[in-house]
Every structure is written in structure tokens, then in C-alpha cells.
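Got a structure here, written out as C-alpha cells. Questions coming.
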Amino acid sequence: MRQTWGAWAAAAALAVALALPLASLDPSVLNIAVFTLMYVGLATAWNIIGGFAGYISLGHAGFFGIGAYALGLLVGHLGVPGGYGPFLLVPVAGLLTAAVAVPVGWIALRTRAATFVIVTIAFMFMLQILATNLRGLTGGSQGLGYPAPEGWSPRFVDVPFYYAMLGLAAVAVLAAWWIRGSKLGLGLRAIRDDEDRALALGVPTWAFKVTAFTVSAALVGMIGGVYGYYVTYVYPQFVVDPLISLSMVLMAFLGGTGTIAGPIVGALLLEPAQLELAYSVGEARLYLILYAVLFLVVILVLPSGIVPTVADRVGSRRARQPVAPAPAPGEAAPP
Amino acid sequence: MRTTSVLGVAVMLTLGAPACAGGGGGSSQPITIGVSVSLDGDFSGDGKALEQGYQLWADDVNARGGLVGRKVRFKFVNDASSTQQVVTNYQNLITRDHVDLTFGPFSSLLTIPASSIASRYGYAFPEPAGGGPHVFDRGLRDVFFVQPAPVVDNLASYTRWLLSLAPDQRPRSAAYATEDDPFTQPQLDRARALLEKGGVQTVYTKVYPAETTDFTPIALAVAQSRADAVVLGTMIPDAVAFVQTFQQQRFNPRSLIETSGPDQGGQFSDKITGGNTEGVMVPAGWWPSAKTSGNDRFVRAFLARYGGDAGSISADAAEAYSVGQVVEQAVGRIHSIDNAQLTDALHSGTYQTVQGAMAFDSKGQPNGSSFLVQWQGGQTVPVYPAAVAVAPPEYPKPAWR
Amino acid sequence: MTTLVLEAAVLGVLTGGVYALMASGLTLIFGVMRIINVGQGALVVLGAYLGFVLLRQWHVDPFLGLLLTTPALFVLGVALEVVFIRPLRTDRESLSVLVTYALALGIEGVLGYLFGADYRQISVWYDTATFQVGGFHVAVVYVLGFALCVAILAGLGLLLYTTTFGAAIRATMLNRAAAQLIGIDVERVSAIAFGIGMATAAAGGVVFGITTAFNPGSHYDLISRLLTIIVLGGLGSLRGAIVAALVMLVVQDVTAVLLSPTWAAFAFFVVLVAVLVARPQGLYGLRVRERI
């Protein structure tokens, strides 16, 4: 029952999302939507390793940066002009990110729990340093530029990016949904609950962890590529940015890790709020304080995340409804 | 009597008409200028100074009647030093708030993405702080860097002065160290090339990451080189750290110049005790005592509003103020605030600002040169070229006390 | 060249002491409560501002001012733990990362509001005085800072290994459930450990504030270094934090003068990864069956 309800909700949401640009071509709305969908994808992708397997990575921004640089370099070296062309190369950027993720994961996934968290941070900083120092490849601290899309009117220009981010977010959600229902997902959950026990029971924990990590990284890399193209210029410290790592983790936790809808809800709430807050009250320099307060309140009030808490409340309300006594044989059932 | 009053009204109307023309929205509506400033994050110190400079200009121009007879009003938004936010901000300012004009944010890092947005909508984008080379090779003609010289030539005055010294006075060796930053590194590379060609031997050169927090090892290495001249590409934290380490190591170069830090007024001098700022040089496009257009008024207004002393005024505020001045003059010439016309106008002619005279080439790069400024007696004074010098350069730099 | 390397090594040891102090609180908190206090950097910066204000407003030497700021931050730490950490019942380890990050942001916001983003530094009158050792000069402030760190760490060590309360802390670090079973009030121990962590931040903050220009945003760089130090040393190990801090700073400073500053941080990360590949629990960490 809940399965079909969820599927209908997803379909409805997708329909609304697809139609949005047709209803409102206001670039400032589309701009916020692009960044929001970006985080929907990022949080969902992160959740595959962080929520499903319980391996909290705080270094995913490294993969985001790899994707941004990879796409920029591909577009630059192949001489692809601005327009629809760069979008076609996004999957290649994803593959390149995956290629880096495998050895990184190989080393990082040997550690557990808090050590893993910090190792991912270390790897992220290493990637940032490489991006800054390999000047011949990445342009170093001078950054890397993307071609501007020619011929798109200012009112239209955000639309292809909107659909690109929507597409990637949808791919991420589909991937997460498919994984969760599969043997891989079951194995990841077993790893999260008790890894040593899972290993003892014959679950191929190593293969599962590395797969989940790589898939998660590839998705994040592709999203990073589209981001780089959208903001037209990539700098090492702005794409390999700890705040991006933290934001996607936050959104997943806010919405509820381990669920599919959780990261989506988290991103839909947090990103527009952040962009709007900074724009409207940022001048008062209270922005950081307000953000921190909001954050704390939510965590303390909803520690397991919005979606599970809401689901629990709904579930317990249903359970509290009085159940009619079964009719005795021969008696008519009460109306 | 009636005829005179009718005539009088007619005269007033005729005189008043030009003031009403130009710019939509009616003559009583203020002109809104949208700017994203970094009020949080890495650039927040500079962002605040920009905001101060912009606001002072607005108050000044409004006191004199505004632009094309309309008052000027800023809409400031905070980008928290973030790319996503600066892009969102300019999108919102242009398409949601429909600002009339846009001015630039702080740093090349934020200016580049922001300029893509402004240019897309045909807005002129004069900016005070984005001068790194890549700002100008994006093929946009609406971007204007309002400082006297492109960043890469920032140290040109210094090299010229150094090489103009008598051969037996001239430094024989130089040490270079710079942050890996699109603003500082190009300047140092250019300066080193020029000095090497002039016969100054390079005895040390290093590039360090911008996120370094501990500059002492590098400063030690520079001190060890015992170079005659030290050229550093810094921001405040490293500018201060190098000076402190040189003091601790009793290393007295005959000439010391830092690309940024010594121009930040109080933020620099309140950390260097004992009068030891004496002799430190910095390239600058502005200084408090300069006899440039509107500078007196600017300095007085700044001190009246924000207190402190002239030495504590940050150059960022003067740069922002210059943006306003340039636009004011351009608007004055074309009698309109239409962005396309403004862009065309800015590509020609000379503009007088608190940073001196400037003109912009086809890419929006300024084609002047910055000056050499030195700390003397607790104040920064221009010392070179002679035409703008207030005092002769102190050389060699006095030893640390 | 050798003098330079030697100087760099000495500098690495001295600054390593400061980082060891800041990291000790972090590893202690992790050991006792199994939470990662991502806000430790922000608290160090807070300590730096407190020292700055004491000097500026009341002309109190920052080292002496520690007599005031350390207890103050200790109390603040206990309060923070009770209000924000203790209520977390489920998923404490992961949520604590978020909660402490929120606290760090809040502290950064408040400091930014009160002081603005200008860089500050605690300028004591002796900040350019040096001791002459052999051929080179060692700054007095570094030596004083190092001495302070040694003193505090020694005190911490004494607390942990000679007092009954210290034994309670160590027991809680080894096995929280078992400690509770033998009658230790683990909640109280946790709160006090958190307070001690804050107090070390106050002290570290003062030394940090004297040697480096700082502003509210300085905590990001700090916390990333502190986290890597405690992982290298082994989470929860005080000895490990000290050794790791010294290793990290010496490696970085020597690499900076020998090779290039750009690769200094990278060199350190390589060391970290290499150690973790061989010993995932860090240099002095214990291999326990742990779940986050």
C-alpha cells in the first residue's frame, strides 16, 4: 500500500518538476531551482554510502570538484562550444570521477566509523591541493573556465541547466531506490547494523562498500560537472569546498538518512532557505547565527530526520485508532 | 503680472524637462544599484569596506542632486564569499528586483561568475576588485576594472624605481615569495622578470598555498637568503607574519614591498609594534593624502561617518568610491542610465577618481599605472613617481627597532 | 641549508606543542563520549578573541588572563554538553557532528557580529623578542606557548593517571557500558570531559592568537588539521595526539623549506594515509569493535 502511494507521489512530483519552467520562466526562480535540484541529487547520492551503509563521508566535495574539473577539461580539450554539447560529456565526467573514487575508496573503506569520516576529509583536502598545484592540468589557483552558451537568450539560459540537474537528480533517486530494493541494498543495511557480523555471515562487504562508494561518487561528479558549467568558472577552493560536503550531509540527516524521500525533503527545505536567508537578511550579518539556530532546533527536535519522524507519527496515529471487534459468528458486522 | 508668472512657469518647465528625461520610472523615483558584497566568510573584511565606500559615494552624489536628477539608492546583498550565492544574488537583483545598475563584488574569484550574469542581461559591470587576468579574457565587453592599472602591472612602479637607483645603491639580490592566488602571483612573476632583466639576481623564489596558516617556515627561508630586496605577494595575515618573523630573525632587507596588507591601514599597523612599519612599501592606486579628484571629501566623509584616522581607511573603500565616481561621470556625459549606452561610454574618455585618472581599453582593463606608497611616520605616503610623490622614498629601509 | 632545516624542525616542535594542546581536548572528548567535536576550532578562535579582549580592554597579559578564561570556557563547555549533546539519544555519534558544526557556525556568527571580519592578533609587548640559540633566533612567544602546552598536557596526564576521577575518565573511555555498571556516573564524566576539552581550547587559543592573525572564519583551517592529527594519533589517545601533532608540524615545516610550501600539507596527508593503511586505528589507537 505504502509502496504504491510513494510511487504515485514520486510521479506527481516529477510531473510538477518537469512542468515548472513552462509555468514560470522567471530566471531568479529557476536559478534557485537549479541549485536546489543540485542538492537533491547530491544528498541522495551521498545517502547511498552515508545513509544506507552508515559510512559517513565528509569528503564528497572532492568528487564534486573532480567532476567540475573533468567536464571543464573535456570541453576545453575537445573544443566543444557552449550550448548543448557539454551536457553530452557529463557521463564521461562521471566515469572519470568513478575512476578516481575506486582507489580512494579502496584505502578509505579499510577504516571504520569516526576514522573513516576523517580520512574522507583528508582525501578531500588532498584533492583540493592537487587541483591547486597541478597548474598545467587544472589552471591551478587561476581556475578553469567554461565556454559561455552562445545564442541562448537570458530568459532561456537557465532552462537547460534546470533540466540537466533534474535529470541527474532523477537518476540519483532511481539509483538509490533500485539499490535499496536489491541485494546490494540489503547487504549495505547489514553493514550499517553490524559489519563484522555481516562479514561473518558471508556478505561480500568489501565489494558492496566499494560499489556503493563509487556509484555515489560518480553521481556527485556528474552533478559537479553541470555546476561548473552553470557558474561558468571553476576555482579549486570553491568546488572542493568543505561546506558543500557538509551541506549534502546535513540535508540527508535533516530529511532522514536511510530513506529515499529523506534527502530530497532535506534539500528542498534547506537550499532555498539558505539562498533566501542570505539574500534577504544577509546584510544584517545575522545570517550565520540564524542558520545555526535553525539547524540546532531541527536536530534537537527531529533527531532521526523529518521523513522517519513524520512517518512514525502517521503510523502511530493509525495504530491508535480503535479496531472494531470481530463480529461473532451469526451476527451481522457493525456498519 | 499674470504673463510674467505664466512665463515663469514656462521657464521652469523648460529647465526642468531635461532633468525628467533619461531613464524610465519617472524623475522622482530613485535609481537602484544592485551590489553583492561579502559580509561573511573569507572576504568579509573587504566586503564591508566596499559597502562603506559605495555608500559614501551614494550620499555624496545625492547631496549634489543625484544621477540625472534622481537620487541613488543601493541594494546591498550578502554573498558570504560564496560562488553560488553571488550568482544567485545578481540573478535576483537583476530579474527579481529589477535594479537599474549593477556594481561589482569583491575579488576576481567572485567577479568572474557574477560578470557572466550581469553581462548576459546587458548590464554594465564596473567593479572595484576583480583584476586578475582571466576576468578580461571571457570576451565580455561590459566589465570594467576600476583601478588605475591591471593587476599584473601592479608592481611596475616599484621595479622602475628600484632600477632607477644609482648602480652602487641598487639592490643586487632579491627574494620573492607569494601566495598562490590569481591576484598576487601574476604580479610577482612580472616583477621578477623585469628585475632580473635589470640585473637583480634572484636568490629565492617560492609560491605557497593561499590557505597556509603558518607562514614562519617560508619567512625563515626568505630571511636566510639575506636578499637585499624582498618582494612579497601577500594578504594581511602573511603580510604581518613575514614582518614579525623578519623582526625576530633580525633580518633587515634594504627594501621590502608587500602587494597587499600594508595598504589595509589599521589592520596592518596595529599588529606591527614599535614603529616598525617604517619603510615598508606597498603598491597602491590610492592613499589618504593624495591630491586626486574628490579625495579630500571622501576622506573627510569617511572619518566623519566611521571614525578612526586616515591611516585606517582601507583601499577597498576608495576603490568602491571610484566606481561610483566613474559611473557618475559617464552618466553625466550621456545624460542617461541606459546600460548599453553606459558600456559604450565607459570604453572611451578619461575619468577622474580618488585613485587618479583612468581610462579603459576594449576589454575593460585600465591602462594607467599604480603608484608606490611607503609607510613613513605612521602614515602611508606616495613616494614615486615624482609627479605624485608627497615625500621622497626612504631607502634603505631603516633597521627594525 | 642545514641550519634552515634545523630551524624549521625546531619551529615544528614548538608549534606542534600548540596543536597538541588543541588536539588533546578533541581526542579526550572523542574518547569519553565517542563524538567528534567539529566545533573545537571555533572554540579555539573564541579563546583567542577572549585573550584579545582581555589585553585590549583591561591590559591583562593573555597568559595571565588564562586564569580567567580557562575556567570560563570550562563552564561553557559543561553547559554546552548538557544542553546540546546530552539530549541526543539515538545516533549520537553522527548527529553530534552536525550539532557541533552548528555550534561552530553559531560561534563564528556571534564573533563576526561582535568583532567584524577584520583580522586581529594578540599583540604582547614581547612578541618580537627572541632567544638566541646557536645561530638562530627563536621567538619568545613560541617558547612560552610551548611551555604552557607542556604544563597543561602534563597536568592533564597527571589528572588522568593519578587521580580517581582520572581513572573514571579512562574507564569510561575504555568501555562506557562497563563503567556505568561499576557505578561511574558516565554522564557527569562526559560533561566534565567536554569542559576540559573547552578549557584546553582556551589555552590553545591564546597561544594561537599571539602567533597568528585570526578572524572568525579561521576555525575551518584549524579544525581540519586537528581532526587529521587525532586520527593519525589514534582517536581517544592523548599520547597519540601529542606525537601526531609533533609529527605533522615537523613534517610540514621541514617540507616547506626543503621542497616547497605547496606540497607541505600534501606530504602530511600522504603520511596520514600511509599510516592508516597499515594501522587503521592510528599510531596509538586501540582496535575495538566499533560502530558509528
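List of remarks:
Lettered A, B and C in written order, each chain numbered from 1.
Here is the rule we go by: a contact is a pair of C-beta atoms (placed from the backbone, for glycine too) under 8 Å apart; a residue touches a chain by one contact, two chains touch by 3 or more.
Since we're looking at a predicted model, the values are computed, not measured.
Taking the mean Cα position of each chain as its centre, B sits at the greatest distance from chain A. Per-pair counts of C-beta contacts peak for the chains A-C. Averaged Cα coordinates give chain A a centre that lies 39 Å from the centre of chain B.
Distance between chain centres (mean CA atoms), chain A to chain C: 32 Å. The residues of chain B that reach two or more other chains are 39-40, 180, 209, 211, listed in rising order. Within chain C, the positions touching two or more other chains are listed as 109, 112, 262, 265. Chain A has residues 129, 132-133, 285, 287-288 in contact with two or more other chains. Against chain B, the residues of chain A that register as touching in their complex are 26-28, 31-32, 35, 129, 132-133, 140-143, 145, 148, 154, 157, 230-233, 235, 237-238, 243, 275, 278-279, 282-283, 285, 287-288. Against chain A, in their complex, chain B makes its touches with residues 39-40, 76-80, 82-85, 87-89, 91-92, 95-96, 109, 112-113, 116, 120-122, 132-134, 138-139, 180-182, 185, 209-211.
Interface of chain A with chain C (complex): residues 54, 56, 58, 107, 110-119, 121-123, 125-126, 129-130, 132-133, 194-196, 242, 246, 249-250, 253, 285-293, 295-296, 299-300, 303-304. Put simply, chain C touches chain A in their complex at residues 30, 34, 36, 84, 87-91, 93-95, 97-99, 101-103, 105-106, 108-110, 112-113, 220, 224, 227-228, 230-231, 235, 262-263, 265-266, 269-270, 272-273, 276-277, 280-282, 285, 289-292. Across the complex, chain C is touched by residues 39-42, 44-45, 47-48, 180, 206-209, 211-214, 216-218, 220-221, 224, 236-237, 240-241, 244, 247-250, 267, 270-271, 273-274, 276, 400 of chain B.
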